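Heads up, the next two complexes both have chain A, just with different partners, chain B and then chain C.
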Partner chain A sequence: MDFIKKQFGKIKDLFHFNSKKEVVDFIIKLFFLISTIVSASFIVIIIVFITKEGIKPFVTDNGGIGSVNLVRFLTGTTWLEGTAFKSNLYSVGFIIINTLYISLLSLLIAMPIGVLTALFIAKIAPKRLSEILRTVIELLAAIPSIVYGLFGSGIILVFVYNLAKVFGVQSPGGNSVLATVLVLALMILPTITALSEVAIRSVEKDIEHGSLALGATKTQTNFKVVLTSAKSGIFSASILGIGRALGEATAVSLVAGNARSGPTLSFFQTTSTLTSTMLQGLKETTGIDYDIRFSVGIVLMVVILLTNAGLNFVKKRIGNVHVK
Partner chain B sequence: MINNVFTIKNLNLFYGKYQALHSINLDIERNKVTALIGPSGCGKSTFLRCLNRMNDLIDSCQIDGEVLYHNDNVYNRNFDVISLRTKVGMVFQKPNPFPMTIYDNIAYGPRCQGIKDKTELNKIVEKSLKNSALWEEVKDRLKDSAMSLSGGQQQRLCIARAIAMEPEVILMDEPTSALDPIATMKIEELINDLKQNYAIVIVTHSMQQAARISDNTAFFHLGELVEYDKTDIIFTTPKEVKTEEYITGRFG
Partner chain C sequence: MKKLVLLFSLFLTGTLVACGGAQEWDSSSNITLYTRDTSSGTRAGFMSGIGFDEAAEDDSLLADGFVIKDNTGILTSMATDEYGIGYISLASLDNTVKGLQFDGVAPTIANVINNTYGLKRPFNYVTRSLDDFANDTERDITLAFIAFLQTTDGADIVTNEGAIPLSSSESWDDIKADYDICLQDNSAVTIKFGGSDSIEKIALALTAAFAPKCGNFVPEHDHTGSSDGFKRTQGSEKDGDNYKHVGFASRPFKDTEVGTEGTQGQLAWDAIVAIVHLNNEVTNVTPEDLKKIYRGDYATWEQLLS
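The block that comes next holds the complex of A and B.
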């Protein structure tokens, strides 16, 4: 005890503290600061590491194969890989388009369903039912992505294969844009629902009562006033949803079919995303074929960053635009 | 009788087992301001909410007795609540504009009733804002968010929103309790103007306010209507001891 008291005294003198309480305060603040530095530095370390690996294919001659052309890498339409024939002809241009296309489509499916579900849980369902539904949604959100992937390859692939047959198209085992979109929509649905529900529930009762007192029906109130008031929260939910869709690798790899060229816009053809491309064969490869996956990682991070920035910009704009 | 918009007969109201109103009998006159006063929890706001059936929103609330709006009991099973609320507008304690533009706030009610015609909506918006003494302040920024207005302006916007429905009665639940004295004064002037066209029922905590703006005053205490008369009689020669004690500030 004496020792600690002495140290306290030293710190007190060193920093010109006036009381023991100030010293304690200072130490606790220091502790918070260190925690923050530790967590923040990991982000920096990861970025530095990935960048260091990821620029290798562009700045070295990759063991005699020749360096990768950056413009070609970003705009090309084929991903020519393989350890049998060494090449430097990797391109992710089409994969970027695939990734955005798939994520947006899955958001387009998941968002309306999620928001309507959220509205039902928050405003329409009887109390008991909405408690049960809320738990179910939380459970769905906690299911690991590999399980969604297995469900996708077991059920959705078969469904898409048969659906393609109806349209007279031969889908390669069901591995396709549509299957990927459906799996991703299922995955982000609970996230969007849960967050939208919180946003809708936190709309002030006052505003709702104001609408009802003007002779609006419950439905008019829900759609015109409650959703309008919650739109910023609903938008945040969608941003998180699309973030999850952009970053999902495991489930996507199981149903996308990993096309090596593209972009694929047709629903029944195989596709590939940035994440599935990174994951595919990562463990069995070396040299440029390994390093280039880190380059894809950089592209993925930039795509996610730009998408978020773009959506946040839109969010700010619609914050002031008003729904009729 | 012909001059009454509301006639309340033997109204009892229960929240679960707790009885909040005890056999209230009261008439609300056309083109008059009726003030409801009384200490907190005396049931005056609860009573106000019976008139446009906002108490329906509370699950445990049960009502017996009659609230006659032009001889129709609003608590009849087949009474149309929606049309009642278009005829009986309400202004709340805290300004509660919708998070939309000023224009859309006013147009909201008429739009809910199916009015889509632009020129008609424009007319309604302009007229409502003029009648709520807000037009001069906002005419150049109708497309701005209603949230950008000051508290007093927001409350006048809520009044304009109610007026846009061309109601017959406007219920006000302590409309100035969240406002500063100048904004309060403006609202009181507005209430004075509005009574030419509407019956106004106002709940207030301020006895000065009741004395300044109302024609009739009802004094509630512990869920009972203690006294109801012309305002100057209530404030000068009340018949009941309780009323006198309350208005002279001996309790409440």
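The block that comes next holds the complex of A and C.
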């Protein structure tokens, strides 16, 4: 106790504090500052680590294999030409296109369903029902991605395989763009629904009442007034949704088929995303084949940043109606 | 609301129809290839078994449109995909898929052990020459380890790791009386293991189980490839920095790799089986067939059957 008192005194003298209270206050503030620095520095550590590893294939000669050509890496249409561990001919160009294509398609499926569900929960459903539904959505959001992956490889692959047959197409066991899009749409649906619901609920009652008073029906009001007022929030929900779609690895690699060349635009053929490519064989590989996965990680981070920046730009252009 | 219900039921029926489409197996369909990724030991074993070694680590030699999955992924896919073909380790074969005969021999564990089933590779070991150990302790621990490989305890570990052990009848408890070395404290002794990286997992499991039974000697693993197995125990590098006490090779020893009497042997078989959907009409393949399928010379099942 004496020791602590002594230290208090020292700090008090050092910083010219007037009372013990101020010292305590200072220490607590310092504690908050340290936690902030710790949490914020992780992003720096991660970026530095990924960049350090990911840059290696381009700047070193990779143990005699030769350095990877950056332009070829960003534009090529085959993951690796030649024998693994002996070739430097890596490319992710087609995988970038695959990733964006798949994320966009899954957003196209998940967004209308999610927004309409949110509208139902927030405005139309009776109170009890909406509470139950909200819990269901929260549960869906909490399901880990590997479970979605297992569901996908057990149910969705079979469904897609048979669906392709109906269309007279032979799909490789259902491992395809469509299966990936369906799994991702399922995964981002709860995110979009939950956030859109918050946005819809925070639309001011006055706007709604005004619309109703002007003689618009409930449905007209919901679609033309509530949704347009909440569009900024709904857009934010989609941004988070597409972020999850771009970054999902486990579930995707179970249903995509992991194509090694592309891009794949046809619904029933195998595809691959940046994350599934990183994951494939990660635990068993070494050397350039390992380092190159970090380079793919850099590409993924850049793709996510650019997509988010683009969507945020669009969001600003759409404008905003005043909401609480 | 009525319309909604109608729409929903329409969708459901559509799905059911789509799922219940029981059609004849059509041999004019394209073959869908399933493969492990380039870092897989099963892939290396399969490709060398069908005479297509160069494709073990090179995806671009395979026919277009292949699907990359893991062992279980290929197994479950083959229960769905009527026109697919893949390969898995024999230990994981079950009756949800059809395991193809290889050169007319059915893929069973009995046929692997009696050496008639061809799509397999031996897991071999080689130790240093018995007069070439630094001291008797190291030699005796090595000999005890080799003896352990032949026991039922060793066989269980090999089975757990997905390979097929040779037949064994005695347990370690039956024979440990012959190995006094394991009664003393060996925690200061390091025994070095190396060679084939395909055997690394099995070797790690074996030493992890055996070290506590033999005075807690320290096993050191450095698996760099089959050719280093002999080279670093009895070959050109046996006295170098990378020397080993026990080396492994996931292939038969070559004529240039014949060691001194009693230092080489086999610990297990690694058997691989080509699998197809149960509806598939193919029952037997040759190594050439499989090579042609994986290289893309055969695009449809018709071409294989004709």
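What we mean here is this: the second predicted complex is superposed on the first by the 311 of 324 C-alpha atoms of A that agree within 3 Å, B and C clash if a C-alpha of one lies under 4 Å from a C-alpha of the other, contacts with A are read in each partner's own complex, and residues count from 1 in each chain.
Just so it is clear, a residue touches a chain if its C-beta (ideal position, glycine included) is under 8 Å from a C-beta of that chain, and two chains touch if they have at least 3 such contacts.
Computed from a predicted model, the values in this text were never measured in an experiment.
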First, second, both or neither for A:Gly54, with chain B first and chain C second: neither
Chain B versus chain C as contact partner of A:Thr228, first or second or both or neither: first
Partner chain(s) touched by A:Gly93 [first = chain B, second = chain C, both, neither]: neither
Comparison of chain B and chain C by chain A residues contacted: C
Chain B versus chain C as contact partner of A:Ile207, first or second or both or neither: first
Which superposed partner A:Gly215 touches (first chain B, second chain C, both, neither): first
Touch list for chain A against partner chain B, complex: 204, 206-207, 209-217, 220, 224-225, 228-229, 320, 322-324
Residue ranges of chain A touching chain C (in the complex, touch as defined): 78-86, 153-154, 157-159, 161-163, 165-166, 170, 172-175, 254, 257-261, 269-270, 280-281, 284-285, 289
Chain C residues within the chain A interface of the complex: 15, 17-19, 21, 23, 29-30, 32, 34, 37-40, 54, 57-60, 64-69, 73, 76-78, 80-81, 83-84
Contact footprint of chain A on chain B as seen in their complex: 52, 54, 57, 82-86, 89-90, 92, 94, 96-101, 104, 108-109, 111-113, 145, 158, 161-162, 165
